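In the two complexes that follow, chain A is the common piece, with chain B as its partner first and chain C second.
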Partner chain A sequence: MKIVAVTACPSGVAHTYMSAEALERAAKARGIEVKVETQGQIGIENRLSVEDIKDADVVILTKDIGLKETDRFKEKKIVKVGVSELVKKADQIVKKLEEMINK
Partner chain B sequence: MNSLMTEKMVLLDLEIENKHEVIEKLARILQSEERLENYEEFVAKVEERETTFPTSLGFNFAIPHGKCDAVKKASVAFARLRNEIQWSDEEKAKYIFLIGVSEQEAGDQHLKILAQLSRKIMRDEFRQELQAANTVEEVLEVLAL
Partner chain C sequence: MNDLKAIFKDTRQHLMTGVSYMIPFVVAGGILLALSVVFYGQAGVPPEGTWLFDLFMIGVKGFELMVPILAGFIAFSIAERPGIAPAAIGAFVANELGAGFLGAVIAGILGGVVVFYLKKIKVPAVFRSIMPIFVIPIIGTFITAGLMQWVIGAPIASITIGLTEWLQGLQSGSIVILAIIMGLMNAFDMGGPVNKVAFAFTIMAVSEGLYNIAGINAVGVCCPPIGMGLATLLAPKKYTVSEKEAGKASFLMGLVGITEGAIPFAAGDPLRVIPSIMVGAAAGCATAGLLGVQNMIAWSGLIVLPAVTGKLQYIIAIIVGSVVTALMVNLLKKPVQEKENEEIDENIGDELDLKFE
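== the complex of A and B ==
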């Protein structure tokens, strides 16, 4: 299973990166492949490639502010979450997605 | 490179009653370290953010922050409280990072350091080291800002 995600937050300074870290840790703990692109004030980092997106079973997008280049995901299964929710509940979110994908 | 934090910007085992006091206390320090253009404007910005979206993270950490022209120099002030205080409806906080970034910082090295700090806060080992630190010097070492 592979998850890709894009995270962003209003100030682009902290939650963007905290949510990325939380998701990466939660997925790795369950043995799930994961790649998270951050769209912060620094700009886009760890950009998702066409391959990354093609291989992903699900795409997580944070919904607090508009994300750039979301047309990349139009063929994919998308789950939208609040950035703060991802920071606090990454474990539960990953678990739920795992159940959804493996059903 | 100018540091985001100096030893004067770390407060350990602070006795304080509520989140407003912590924010004001830490902002005063940024002010006296000449890192703000405008104290009132900065505090208002941070409080506004807290009202719409509290910055507590769930494991006794909170990261109030403001990005505005009232900030002269990107800064982080840290307080470890003696007792936890209520931060949002559901969450308490004992470890507080007050972060100030100016509007012009885009692409700056400071933002990369703050991104790294944000990631570190999510790591258990980092939080444990911060809890175990006994002196301001030890805290600075753990934070590595």
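== the complex of A and C ==
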């Protein structure tokens, strides 16, 4: 299984990166491949490639502010979560997604 | 109509997108403006013709751009690139009438919606390239800025002026209540949406010259991270090694006005940490309100100190808020045993409401 995600928050300096870290940690703990693109104040970092997106089983997008270049995820399974929810509950979110995908 | 409903359903997301693009203007404009006043050293605008006056004007221009940038990027969030110009111009026009930030928010949404529908108009293929370059900017701006100028700009301005006068007229008792509410909002989600509402309110207040509101907000923003950093120093036994590291980072983030520093603590132990930082921030804000701290910039931490009137009172208020936070959270917390692997509660996941879109 592979998860890709895009995170962003209003100030673009803290939640964006903390949620990315939390998700990476949670996914790795479960042996799931993960790549997280951050759209912070500095711009897009760790950009998702076409292959990343093609290989992904699910795309997690944060819903606090508008994200850039979301057309890339047309036809993918998308889940939207709040950025602070992702910081706090990354473990549960990953677990739940795993169940939803394997169902 | 369904499109319109979808746009309004995501109002908060659109507003926050606008705010995220505006923040660098707030910081750049505010700090440069404050520095020019500090270097001049006489608590006033430096005289024309000096380099300090030029610096002051650079700051002022940064400030003036906040309004159109906020509106432009609210519309950007709704209607993408073509939304920016109509909304930014509309907000600029309304700002001249005194509509301020409320005007920017309304111009942003209005411009976004107008352009969103203009983009939907079907045109023959020959005209397709004319739409985004001529028709949408011109018609979109005419409608948005026209409405702001001739129809709704003045009523919004009178609301803004009324709100300003009401805030100016608040007696010390009411100021304390307002301060407590702002403190609670600042700490509640540590830089999240509720915190940003208080931030937006502060920006509005500063642009109307209500510097006491920004003084209060500045204290509320930095008390949670400073307080949590202080807590790890006061009772090291109650925190894990990684939390102690986070404590130092949190302290520093507090000094530069970033509430998010407190998040690692709240994420690990929300029921003890969040009430503590809320009470602490409210105590700090109330102190700032009572002591009449004024801050010319809508930002926080010690870096705004040059722009603060009542510097000692400002620091006292931060100390009060941070100490209250630290003492309360340490009172609530129990000593930790280091655990190698955090156990994952296997059942909590069921409460999450996730769905594929």
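Rule of thumb we're sticking to: the second predicted complex is superposed on the first by the 103 of 103 C-alpha atoms of A that agree within 3 Å, B and C clash if a C-alpha of one lies under 4 Å from a C-alpha of the other, contacts with A are read in each partner's own complex, and residues count from 1 in each chain.
To be clear about the criterion, a residue touches a chain if its C-beta (ideal position, glycine included) is under 8 Å from a C-beta of that chain, and two chains touch if they have at least 3 such contacts.
What you are looking at is a predicted structure, and each value in this text was computed from that prediction instead of being measured.
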Combined model on chain A: chain C and chain B, fit or clash: clash
Partner chain(s) touched by A:Lys96 [first = chain B, second = chain C, both, neither]: second
Chain B versus chain C as contact partner of A:Ala56, first or second or both or neither: neither
Touched partner set for A:Ile78, first chain B, second chain C, both or neither: second
Per-residue touch tally on chain A - higher for chain B or for chain C: C
Contacts of A:Gly66 with chain B and chain C, given as first, second, both or neither: second
First (chain B), second (chain C), both or neither touched by A:Arg25: first
Which of chain B and chain C A:Thr38 touches, first, second, both or neither: first
Contacts of A:Val87 with chain B and chain C, given as first, second, both or neither: both
Which superposed partner A:Leu48 touches (first chain B, second chain C, both, neither): neither
Doubly contacted chain A residues - partners chain C and chain B: 10-11, 13-15, 18, 22, 41, 84, 87-88
Of all residues in chain C, those that touch chain A in their complex: 13-14, 16-17, 19-20, 23-24, 76-77, 189, 191-193, 196, 253, 258, 260-261, 263-264, 267, 270, 344-346, 348-350, 352, 354-357
Touching residues on chain A, where the partner in the complex is chain B: 10-11, 13-18, 20-22, 25, 38, 40-43, 84, 87-88
In the complex with chain A, residue positions of chain B that touch it: 49, 53, 55, 57-58, 63, 65, 67, 99, 101, 105-107, 111-112, 114-116, 118-119, 121-123
Interface residues, chain A side, partner chain C - complex: 8-15, 18, 22, 29, 41, 58, 63-66, 77-81, 83-84, 87-89, 91-93, 95-97, 99-100
